Amino acid sequence: ENRYRIVISCPDQPGIVAAVSEFLYKQKANIMESNQYTTDPDGGSFFLRIEFECQRESDTHQLEEDFQSIAAHFQMDWQLVRVRDLKKLAVFVSKELHCLQEILWEYQSGNLMADLAVIVSNHEDARDLAEAYGIPFHHIPANKDIRQEAERQQLSVLKQYQIDTVILARYMQILTPAFLENYKNKIINIHHSFLPAFIGAKPYERAFERGVKLIGATSHYVTSDLDEGPIIEQDIHRVNHKDKAADLKRVGRLVERSVLMRAMKWHVDDRVIVFGNKTIIF
Amino acid sequence: ENRYRIVISCPDQPGIVAAVSEFLYKQKANIMESNQYTTDPDGGSFFLRIEFECQRESDTHQLEEDFQSIAAHFQMDWQLVRVRDLKKLAVFVSKELHCLQEILWEYQSGNLMADLAVIVSNHEDARDLAEAYGIPFHHIPANKDIRQEAERQQLSVLKQYQIDTVILARYMQILTPAFLENYKNKIINIHHSFLPAFIGAKPYERAFERGVKLIGATSHYVTSDLDEGPIIEQDIHRVNHKDKAADLKRVGRLVERSVLMRAMKWHVDDRVIVFGNKTIIF
Amino acid sequence: ENRYRIVISCPDQPGIVAAVSEFLYKQKANIMESNQYTTDPDGGSFFLRIEFECQRESDTHQLEEDFQSIAAHFQMDWQLVRVRDLKKLAVFVSKELHCLQEILWEYQSGNLMADLAVIVSNHEDARDLAEAYGIPFHHIPANKDIRQEAERQQLSVLKQYQIDTVILARYMQILTPAFLENYKNKIINIHHSFLPAFIGAKPYERAFERGVKLIGATSHYVTSDLDEGPIIEQDIHRVNHKDKAADLKRVGRLVERSVLMRAMKWHVDDRVIVFGNKTIIF
Amino acid sequence: ENRYRIVISCPDQPGIVAAVSEFLYKQKANIMESNQYTTDPDGGSFFLRIEFECQRESDTHQLEEDFQSIAAHFQMDWQLVRVRDLKKLAVFVSKELHCLQEILWEYQSGNLMADLAVIVSNHEDARDLAEAYGIPFHHIPANKDIRQEAERQQLSVLKQYQIDTVILARYMQILTPAFLENYKNKIINIHHSFLPAFIGAKPYERAFERGVKLIGATSHYVTSDLDEGPIIEQDIHRVNHKDKAADLKRVGRLVERSVLMRAMKWHVDDRVIVFGNKTIIF
């Protein structure tokens, strides 16, 4: 179908919506969904996401070209996406497979509108699962001593599969700034705590030590500041004094699964706009 | 300030947003917030709420007149509201005062952008509270034997205070269709269950009997079908086998308070559009 | 290990805890966890669940025999379970497999302390999944015209695998009272609504029609009154006006999965006591 | 009535429950509610809370004396409380009154089983509210320059009213270790974040800066480590990119109110046991 999304960020000023909607009207486009937000109509930043359907056969490049003058006029940072052109995802995973399992189910059920192209791991644990779902699996050893070599191989795999977005589904290795540069705001991590509480290693153990009454999970874009990137989604689950660290882990896995899935779905549907160190979710 | 809201419902078709945003652009209006929804871009119903600020001194009637031709062209059901013209509210209450108390706090704290004009009750219990907050209180006896006379007096009070919206804050009397006709989609009730479960009387007792694990509350517009009107907001709280009916009531009061307040705030901010027997919340 | 659970229901009266704890003390048992509840200490019903570990090698039959006189004295309805003797489960499923998938995943992860002995379905859809996890799969056609024959075969399979508990993981057939008699308070269903709202068929469609703001799921023991059995667990998820019936279904599946899993785990750990038409959850 | 609570902490070993329940049985006591927890039956710590009713007129001192030998045998840290002897509370408040309002409302509604004896503030803002509910109000100026003098006066007021427990209902001053020493595990604070995130000042502003998707509140016992004391209760509320810091504050107040109330109710009902830096909630 001729379904598109246009996602726009620009300095706010009067006339933006008028110009964009006039443009779409002239294209004979039906607006399916439209969301907008301004940090401040007087000199702030403006964000717009419109999902629309062209009634006639249309050409993405032609649309882009036609829109160019509006974009230039309003100094837009913008992107036009044809809905049927699915994002290509790579999932990085380590030994804990619950997030990967959830992703595979939702993918297979048709609830994740993306192309799950490849699974990469520094362990062999996920191979069977990947193969059961017919997804290519690449084992690339990685640890802090061989980081450069590992990342070289990973980037090569990402290139081979033309990957748009990398999902760190409990991948326990740190990525270097050099690696991150290739996928700015396109690497999604799931951190097993309610950030900014328990940044870093062993959050469940530390949550247990602190005696919290709720545990959480946070999905965020990865930046070179550990666990400090823009938050996409968070959620929590209630625990109590009877729960040991192992219980927090078990309950936490359920929260991790659902938080990561929601973040992924919003991302692949182009519903997440990064603004500074925050996200706007449309 | 020159801040307005326009709320529109009309048959969906291409060009609506273009026309409205062009109109606002010509008025030199800053769009503060805009939300839209369509049940189906192909022949469905379209809903739009825009909050905007005119940069120059503007006149509500002039704006309405100018907008008239667009409205007519798209067969719009629409309303223009100047934000500083607060809705006038009447709160009807019986003997349970927790919802009224919450309303008064939020009102006094400046979190309810409305004019709480009068409190009406068929009992004297709320008089002290009303007077402590300086709100006129009218005691109008009411029960099923004197319903007509009661409603005659109530309508007279509503007229006297030029009331826009009636809040039934645990007012335990049924209102007649004749009364409701005067305030279509402008009477908000809080029902102490998760509708459609436990329609009618004594929902907490019945929830206790049924052994539910969650109790809820529902705020909805009142129609002549008891507890069947369009739902604005719902929420729940977890309970367990130790909770007696009295405990459910006590916990439930907290849920009722927050659910009714959210529904009221959305209503007075013109964020609720009734469509058939459902609501769209912007 | 020598770990046991004793679960007791009896008329409340002074001395019960003293007698049971004295008994366990004489057995040199360590109490791992103990929960009790009384509907009314003065003539009500008393419930007790104790998990304990015998320090010496013990014999279940000997323990039961020794406890007999206490049980008789207090008119106890009681059960002693050796923790390592796992309950044998059968999962009945139809065409929707999300609950089964969750069960298999939790089972494989070691989070479900039971013996998942067999999967039964009136369709072939679940066969691959069952086989991937190495669980025997029996296809038994069932519909309302061949109910008796179907149940005869099902009971034969349940007997063959010595099944303790049947899980209806979105099994869309009604079971006859004759079938239910064999598994009183041992058949767990997941209903895809927040009971008692939307009893019966097509709850998501009806939730959509009603315009609810939360959708739910309910796990309960099956009785001959449709969807009226003792509720074990319920939960909800927030939805909004943008969600179509298909969206409610998709979100609802996540709620169903987690609600059924919690109910199952509590059941296999003997944490659920049925009292009248309600449950006590320890 | 002759209703009591006994709350016990001691090293775990076999025979504790047998001894205590035997004792209660001999006192002809009905057990209303009993909760227990062990960190580890093999050498861990054991906790027990029993609420019971003596059938005959009993004498608290006699009960305590009778229990003394059991307590000594098991090295118990224990406390016997007659339920009708309500705890005397002082509420410390500053300029934000929402928590105080909630406390007063619940107190007046009979939902807080305590004696709200006095309200203390370093400002005059709460005076009218205190007086409207008939609670003595003491204005004691306090800031970091006059901390010692302020605390001297505060302690004098606490002594005058024989205060058991101090509630810091958004009291924005730090208390010195010398002050805290007088009320170990008896000063309850509400912190306006999901601890350990956003320890210290201006948590809502920092939550806004970080772009979190949930905001929280934490009620805890105050220790000399700022915001590091044992957590009693926490809860959260969902926010989104449209919420400014002021919105987080407004929503947060609702969370603060309910979290503090739950913590207070559990505390006055002797349901909270402090163990190390954690709490057990019965």
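Note that the chains take the letters A, B, C and D in the order they are written out, and that residue 1 is the start of every chain.
To be clear about the criterion, a contact is a pair of C-beta atoms (placed from the backbone, for glycine too) under 8 Å apart; a residue touches a chain by one contact, two chains touch by 3 or more.
The model shown is predicted, which means the values in this text are computed figures rather than measured ones.
Asks: Return the chains shared as contacts by subunit C and subunit D, ordered by label.
Replies: Chains touching both subunit C and subunit D: A, B.
Asks: With touch defined as above, tell me whether subunit A and subunit D contact each other through largely the same residue numbers, more than half shared, or through different ones.
Replies: Mostly the same residues.
Asks: Between A-C and B-C, name the chain pair that shares the greater number of C-beta pairs in contact.
Replies: If we tally the contacting C-beta pairs, B-C comes out ahead.
Asks: Measuring centre to centre with C-alpha atoms, which chain is farthest from subunit C?
Replies: Max centre-to-centre separation from subunit C belongs to B.
Asks: How big is the gap, in whole Å, between where the Cα atoms of subunit A centre and where those of subunit C centre?
Replies: 37
Asks: Can you check how far apart subunit B and subunit C are, centre to centre, with Cα atoms defining each centre and the answer in Å?
Replies: It comes to 42 Å between the two C-alpha centres.
Asks: Identify all positions of subunit D at which a residue touches two or more other chains, and write them in rising order.
Replies: 33, 37, 242, in rising order.
Asks: Flag every residue of subunit B that touches subunit D in the complex, lowest number first.
Replies: 33, 98, 101, 105, 109, 111, 132, 242, 250, 254, 258
Asks: Please name which positions on subunit D make contact with subunit C in the complex.
Replies: Subunit D residues touching subunit C: 14-15, 17-18, 21-22, 24-25, 28-38, 41-42, 53.
Asks: If we count contacts the way the header does, which residues on subunit B are in touch with subunit C in the complex?
Replies: 37, 194-198, 210-214, 216, 230-236, 240-242, 277-281
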